[in-house]
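Let me give you the structure first, and then I'll get to my questions.
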Amino acid sequence: MTDRRLRLGMVGGGAGSFIGGVHRMAARLDDQYELVAGALSSDPERARHSAAALHIEPDRAYADYETMAASEAGRSDRIDVVSVVTPNDSHAAICHAFLSRGIPVICDKPLCTSMQDARSLAELLGRTGLPFVLTHNYTGYPLVREARARVLAGELGTIRVVQVEYPQEWLAEALEQTGQKQAAWRTDPARSGPGGSVGDIGTHAHQLAGFVTGLRLESVAADLSSFVPGRRLDDDARMLLRYEGGARGMLWCSQVAPGCENGLRLRVFGDKGGLEWLQAEPNVLHFSPLGQPTRRLTRGMPGLSEAAANATRIPAGHPEGYLEAFAQIYTDAAALLRSWLAGTPSGDAGALLPGIEDGLRNVAFIDAVIASHKADAAWTRLEI
Amino acid sequence: MTDRRLRLGMVGGGAGSFIGGVHRMAARLDDQYELVAGALSSDPERARHSAAALHIEPDRAYADYETMAASEAGRSDRIDVVSVVTPNDSHAAICHAFLSRGIPVICDKPLCTSMQDARSLAELLGRTGLPFVLTHNYTGYPLVREARARVLAGELGTIRVVQVEYPQEWLAEALEQTGQKQAAWRTDPARSGPGGSVGDIGTHAHQLAGFVTGLRLESVAADLSSFVPGRRLDDDARMLLRYEGGARGMLWCSQVAPGCENGLRLRVFGDKGGLEWLQAEPNVLHFSPLGQPTRRLTRGMPGLSEAAANATRIPAGHPEGYLEAFAQIYTDAAALLRSWLAGTPSGDAGALLPGIEDGLRNVAFIDAVIASHKADAAWTRLEI
Amino acid sequence: MTDRRLRLGMVGGGAGSFIGGVHRMAARLDDQYELVAGALSSDPERARHSAAALHIEPDRAYADYETMAASEAGRSDRIDVVSVVTPNDSHAAICHAFLSRGIPVICDKPLCTSMQDARSLAELLGRTGLPFVLTHNYTGYPLVREARARVLAGELGTIRVVQVEYPQEWLAEALEQTGQKQAAWRTDPARSGPGGSVGDIGTHAHQLAGFVTGLRLESVAADLSSFVPGRRLDDDARMLLRYEGGARGMLWCSQVAPGCENGLRLRVFGDKGGLEWLQAEPNVLHFSPLGQPTRRLTRGMPGLSEAAANATRIPAGHPEGYLEAFAQIYTDAAALLRSWLAGTPSGDAGALLPGIEDGLRNVAFIDAVIASHKADAAWTRLEI
Amino acid sequence: MTDRRLRLGMVGGGAGSFIGGVHRMAARLDDQYELVAGALSSDPERARHSAAALHIEPDRAYADYETMAASEAGRSDRIDVVSVVTPNDSHAAICHAFLSRGIPVICDKPLCTSMQDARSLAELLGRTGLPFVLTHNYTGYPLVREARARVLAGELGTIRVVQVEYPQEWLAEALEQTGQKQAAWRTDPARSGPGGSVGDIGTHAHQLAGFVTGLRLESVAADLSSFVPGRRLDDDARMLLRYEGGARGMLWCSQVAPGCENGLRLRVFGDKGGLEWLQAEPNVLHFSPLGQPTRRLTRGMPGLSEAAANATRIPAGHPEGYLEAFAQIYTDAAALLRSWLAGTPSGDAGALLPGIEDGLRNVAFIDAVIASHKADAAWTRLEI
């Protein structure tokens, strides 16, 4: 446990970024990383100031990611991993720049904006064997892992129905027209890709359902809306789901639902039981064995799976939240990186980490949803 | 207020019935009715015993509904109204028998099992002007009426998204194969009609959403399942909704969802606010004006609409439930009947009562859902 | 089951009464009673109008309870039982009038306003063996009975701590000065007796805790307040509890707690488990075996005690409420009365019904609380 | 923003400690500190290993706090502040060792185990003006600060009733007899001081109520229990409260309440409104203006006070928890320290931080509670 801290670089995440700060808090919480290099902004002045504020030495405060990748690759104390926290359209090129120089990547979701880019990255990763983590952070919650463990252990029996939803309210008005940075790029097809709410949060919902159930989504029948006048991407998406093996489901994501702050909710029903988890109350998992009273499972309580127990820091009743779940992704990634750096077979390190497969499936998901919508909600298969 | 009690008859509802007893408790609660006649069972012995247990005089304990309708129509103290609480397939004929003899009807939902029958009843009612009430009992909850009042008053703005669901768990196994009476007829196409979960509870969900929003459902894209081996009707249905005027939505009903007892839930989102109501916690309505904290509205509190205030018996904090909501339908029906008996224009009596229009729309809903499912979830219009 | 309906009389409960209407709805719900006689108001005109509205024949609409008791006692079709729903100060005399003429009584709580009167009634009942029921209606909730059954079955082990509270908000301002009838008598020592919130709701809390735990309260250390200027009785009371056998606890009742409508809540903790029940969500009981996840027990679910199952009308997920719990008291009372009328040993009829013992203990409770408060919260024993 | 990180030292918190790890995560989260020195354990070997695991240089891994204080005081790069996270009985001496050498202190609660020690520390602080922070971490929750802001702004009017409780279940059995380290010292009078549950969690409850209401507790009437056989300190405490100015209240703390993990809950009622906050759902504050619906205030939503907005990192709907609240104390302490280091008047830095005054009041609280209990729950004043 007296291993040195891993050296972390970051692309994106300068002043005004939301997710960059989240990645940094996540990286710090369990003390596995130190941030030593960055290309934090495409604006050189902002990049410099942001780096200074983050205690990055001036010579590792880069003006652009290409320079950073090239320069870091040549250092003896080069970064162990880079976090990519830019808008979606730039992920593919940035990941490629670092991976092609042998530097592992932690990339924000969704992976990228086209299947072609996704497949290209998958090919590169397959060839190099480099560690690659996609921050589907909700899988870092201990009770999400508990849910997965219970499904895999057969406690729900055969899965019949999956209900997943992710409603938000923050884009109920045309926030993008006020200059708000987060709203601006997320509603811009050029930077966000072809999916609006589908790409931003629908992908989380799709990935979470797959993570917990172990099921692969086969096809979708989708109906998209852009309710806010002038909006160019969907801000509400409703769809029917068919999973391989016969399970069925529904997915709803929305950015125009007043009263819903960040309402990711997953319910899974099998022939032996059901479960329910809400991101807003992440320390609780409701588990209902058929014919018995619902159990209120809580983070840190006795009797949970090893997967859940390993992802918790403090005792039951002391709420952990979004940042701790995000930190879990980073901490698991650290184990994966250390194993890779040591040249040892990774064993279980990273077994629960989302990666390129999740990325491929989610880009295919976005494409299928949009194709289905254009075909008047016709059933459309995900093509990986 | 010293009006006599209305004379109530009942068809169906003998020993072993669930909904018959509910109708009788509902009729008793506010003391507007006395049960004086019945054809309570198709089994004559059971009909007689059931009548005696309910203090019905022997000469008004009928062996069948035809005899009852004919006999009652000829009495000077004839029943003021008859409640029809038989399985779905018999509703149309029974309603016709009484209505054609000038006796008003309170009918359990769904109205009947074919559009032809539905239209025939509508024609008869249009011609005779007789009072007719369909017991979509969830509309009797005061906070459902509050929700409707707020939507109509514009507090949600233009409705964008409707999310309605009605999951149950009671048919997660093949209960119908154990001889359980409720399960047996509800899973039998001959008695239940073409819809399983769709007809039994999907219709409630559809009607409730329409009642609260005032919107008409235009078309559905539906995917149905019969998860339990051997089951002949759907036990889980998932569908996308398109409303006239541009609102969109989703509806889920299920009888195979462990952990869900009777989970009717409605959420409505407009451009100015959202609301949420759960039947399991019927004394609360969550109202979220855009950009403001969610308000917890409770039955009986000051500041609610007249529609909500009129549908409550006891102070806030003293929970009312399912039977009180059902009683409200009966009590509103009593006002309608008294107005009709008095020959006075009904005014507002019965303005909130579900009736033949709801019945027509729900039979069309069932037909459209099944047609859509057969067409691989193609968008299908409701044809009234 | 074809027994005739029991003939019910009522004293109090005319126009403007809250609890009178509740008693009548409770008596009607399960169809065990018909209201045939009443002395509904001390105002003769109001008594007459109220009786007519309730379909009571004019010759049984009495001007005062003395006349009613005397007259009914002489009839061959005399009432089987009388409900006493007047302000507290008159309970003793009215109960005495009917009991002394051999007529059973259902009396609203608290029993009366002095231990002398309480003991006198107890003596009369002991001598006559007449049925007597005190409407501590919260014991009619099925999950309260489930809680009791679990404690008695030892599922909580030895009880250590009892936490019971009953906060309301309705008297946070001087409502009694506005002419509101309910507020007026409840804040008037002459009609309410020496306890304000203590007598009105503290007695419910005390009785409920005793009903569920089976423990007798030994002594109290109490601190009372009259927060609203000009109020003559306590409107908030806080106290420490010591039970016989070593359990300890706390009781809080308040009528000045904004946000609390009728917040009766009971929590019981033993060395093997704990439970929690809230009147505002009466269809749920939280049961926490030590070291295991909390179970959400719901009314009507499989696996509950016979006591709970017998006190429910409709399936799980169809909420029952305050009126159904109140009705359960009436329905259990009907079983007790029928058994008594038949001259058969009552067996279990009425085993769960609150009666004179509860009344005695509650009057002693009020006296002890007030004595403790006057003695600066000194521990004070209940003297029965 | 480019200030250097503050240099942090720590006394206690080696392997096996719970709270030491919490302090370190709290210090890391907002990147204001780096841990550079420590006397982490009284066992030298454990101290050395723990320091190495935490990346502390060997020459600053001290064997005891005296050596550490003396050595650090003499360094030019000496620590800016020391965190004291040892059992309660050693706080006073350790704080004294550092403060007397001019080194500011962040001390875990409760301050110490006797009023004499508390006053001595207060005197030293008064004389030196050194920064001193007591980690009453629950005051770091943004909605606790919102609650305080609303009370101070008069939105609740005059406070009448305070209800605060802190039940846990973890000591329902004799865990201290199994060798569990946390249980062992917390139930040992020599290390924990005279209060068991009172000292460990009752102090949090007392402090929280004072923080939110701004009221000073005047006297208590307390009843303590040691329910678990062999336990030497109280494991359940119940008490009545009298605040200066006329507010009244109750406080319950327990370590033997099955089903309660860490159930800190505060309710405050004034003549204009009420509020409720639960630590288990820390992102929500329920606010009930008298006569209006309860508002669900959430962390990060628009319209909250500056105090709440400043204590939040990520958007509404992304739950923050215990560690974030604890981090807020550290981050506020950093502002206080930087201001002090700069020699500038501190202004508002640290205005919300708990300090020596809270420590004094809590030691007096423990003493008064125990004295009251010994006097059979007699009202006992807090003597500062």
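The chains carry the letters A, B, C and D, assigned in the order they are written, with residues numbered from 1 in each.
What we mean here is this: a contact is a pair of C-beta atoms (placed from the backbone, for glycine too) under 8 Å apart; a residue touches a chain by one contact, two chains touch by 3 or more.
Keep in mind that what you see is a predicted model, and the values were worked out from it rather than measured.
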Notebook entry, point to check: A-D versus B-D: which has more C-beta pairs touching?
Noted result: A-D
Check: Based on CA centres, what chain would you say lies at the far end from subunit D?
Finding: B
Margin query: For subunit A versus subunit D, what separation do you get between their C-alpha means, in angstrom?
Written below: 35
Check: Hey, how far is the Cα centre of subunit B from the one of subunit D, in Å?
Finding: 55
Check: For subunit D, what residues touch not just one other chain but two or more?
Finding: 260, 286, 291, 294, 298, 301
Checklist line | subunit B to subunit A touching residues, read off their complex | finding: 160-161, 163, 165, 167, 169, 172-173, 221, 223, 225, 227, 236, 238-240, 242, 248-250, 252, 254, 256-260, 267, 269-276, 286, 288-291, 294, 376-379
Notebook entry, point to check: Touching subunit D in the complex: which residues of subunit B?
Noted result: 286-287, 291-298, 301-303
Check: Which of the residues in subunit C end up touching subunit B in this complex?
Finding: 1-2, 4-5, 18, 21-22, 24-25, 28-31, 52-55, 168, 170, 260-263, 279-283, 298, 300-301, 313-324
